[in-house]
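All chains are identified by letter, namely A, B, C and D, in their written order; residue positions are counted from 1 within each chain.
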């Protein structure tokens, strides 16, 4: 599964994208955030405050309870500040 | 007192402005409309429906109950359709 | 710093880019510019329109628009404001009116532009005469325009 | 007739007059055009801004803006719609975003432009990094923007 990071999530993790392979118990976006936070210090920092993390599955905004089954591309980023 | 007419009020009366000298009993804009309507057939037609006539005294919108004492310029016109 | 306010009544067309530039050039405090452009349509409620002729009350039109721009400046934190209203004969596709509002924030720019347009429609002394297939007739005021203007009245 | 919708994400600046002309040229059914231009300010809540760098999520940004333009077309009787959002480094006084809405009537043009701006602020995947006197920092989302977007939610 391809994971993308933007803005300060990207800066804290130190990369813009990677392929991850979470275990079967990781079923929702919220589960995935928790699992990602355990992957090392930079991930712990990036995902320290799950409330400030937004997620998209296949380029559509999703909530933490969304299932990740079948997702090709999951993105994590802070609240948006465009416009 | 100078009186100005615009749009279909002007067309029905057949002139854009004139000087009028109403009697002392004509004290409000509403009184003036009634008095003007009696000045001839073209005025009767122009002022036949007082509810559709708007008025301004010295270039400020006024209501029919406004006093005309001291007015230099009174204008009569239909509801506005600019913009 | 005084806020630049421009009010022009003219027969000539206007240049939207030039008016935007006049409110933004050389400044770094403007975060939002809203423009409204009113254009003559070739069809009004099913009636063909060949042209509009806009009559206005010179002197009062400027004064009335000036009262509304002053109220807009009092109600919203604007950095600049421009109103241009054409008069004379205008054909379908041609511009009629331009309102430009500039502010640090978008809410003020949007709201003041809507406020000014609602008042231009109902209070500025302009009258449209429509040349159609059946001859010419004065355009009647729309009740919806009165309702739109009434929403800005302070309680 | 399909309604022309243009969505562009680009580093280059945009030409407001050209975008207005694209929605009005050769047509006589457009009565109202509203433009919103968002501009980089040199000061944000008292902090000096030397430049903004806008990061975006390519692919999703177009898709998300496309979902909102489709919703605007479904909710208001528009004759055309353009959204241009710049990315990359932008200095104070430079344009960031343009929304142009065209309709027969002004209410639809104003409301759809506000709707699109409120959603661009809260849902389009763009992030601003601000270069200031003390270094660079990511801009925080404004709670007011969430409230502004929430007012369009259908009951």
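Operating definition for what follows: contacts are C-beta pairs under 8 Å (C-beta built on N, C-alpha and C of every residue); 3 or more make two chains touch, one makes a residue touch a chain.
No experiment lies behind these values; they were computed from the predicted model shown.
A.B. asks: Of all chains present, which has the mean Cα position farthest from that of chain C?
C.D. replies: Following the centroid criterion, the farthest chain would be A.
A.B. asks: Taking the mean of the C-alpha atoms as each chain's centre, how many Å separate chain C from chain D?
C.D. replies: Computed value for the inter-centroid distance: 22 Å.
A.B. asks: Just curious, how far off is chain D from chain B if you go by their C-alpha centres, in Å?
C.D. replies: Chain centroid spacing, chain B to chain D, equals 48 Å.
A.B. asks: Please report how many Å separate the Cα centroid of chain A from that of chain D, as a whole number.
C.D. replies: Chain A and chain D have C-alpha centres separated by 26 Å.
A.B. asks: Using CA atom averages as chain centres, what separation in Å is found between chain A and chain B?
C.D. replies: 72
A.B. asks: Give me the residue numbers in chain C that touch at least two other chains, ranges are fine.
C.D. replies: 38, 117
A.B. asks: Among the residues of chain B, which are close enough to touch at least two other chains?
C.D. replies: none
A.B. asks: Which pairs of chains touch each other?
C.D. replies: Those chain pairs which touch are A-D, B-C, C-D.
A.B. asks: Please give the residue numbers of chain D that touch chain C in the complex, ascending.
C.D. replies: Going through chain D, the ones touching chain C are 15-17, 20, 24, 26-43, 92-93, 104, 106-107, 109-110, 113-114, 117, 148.
A.B. asks: Under the stated contact criterion, what part of chain A meets chain D in this complex?
C.D. replies: Going through chain A, the ones touching chain D are 4, 6-8, 56, 59-61, 75, 77-83.
A.B. asks: Across the complex, what residues on chain C touch chain B?
C.D. replies: On the chain C side, the touching residues are 38, 54-57, 59-60, 63-64, 85, 96-97, 117, 120-129, 138-141, 145.
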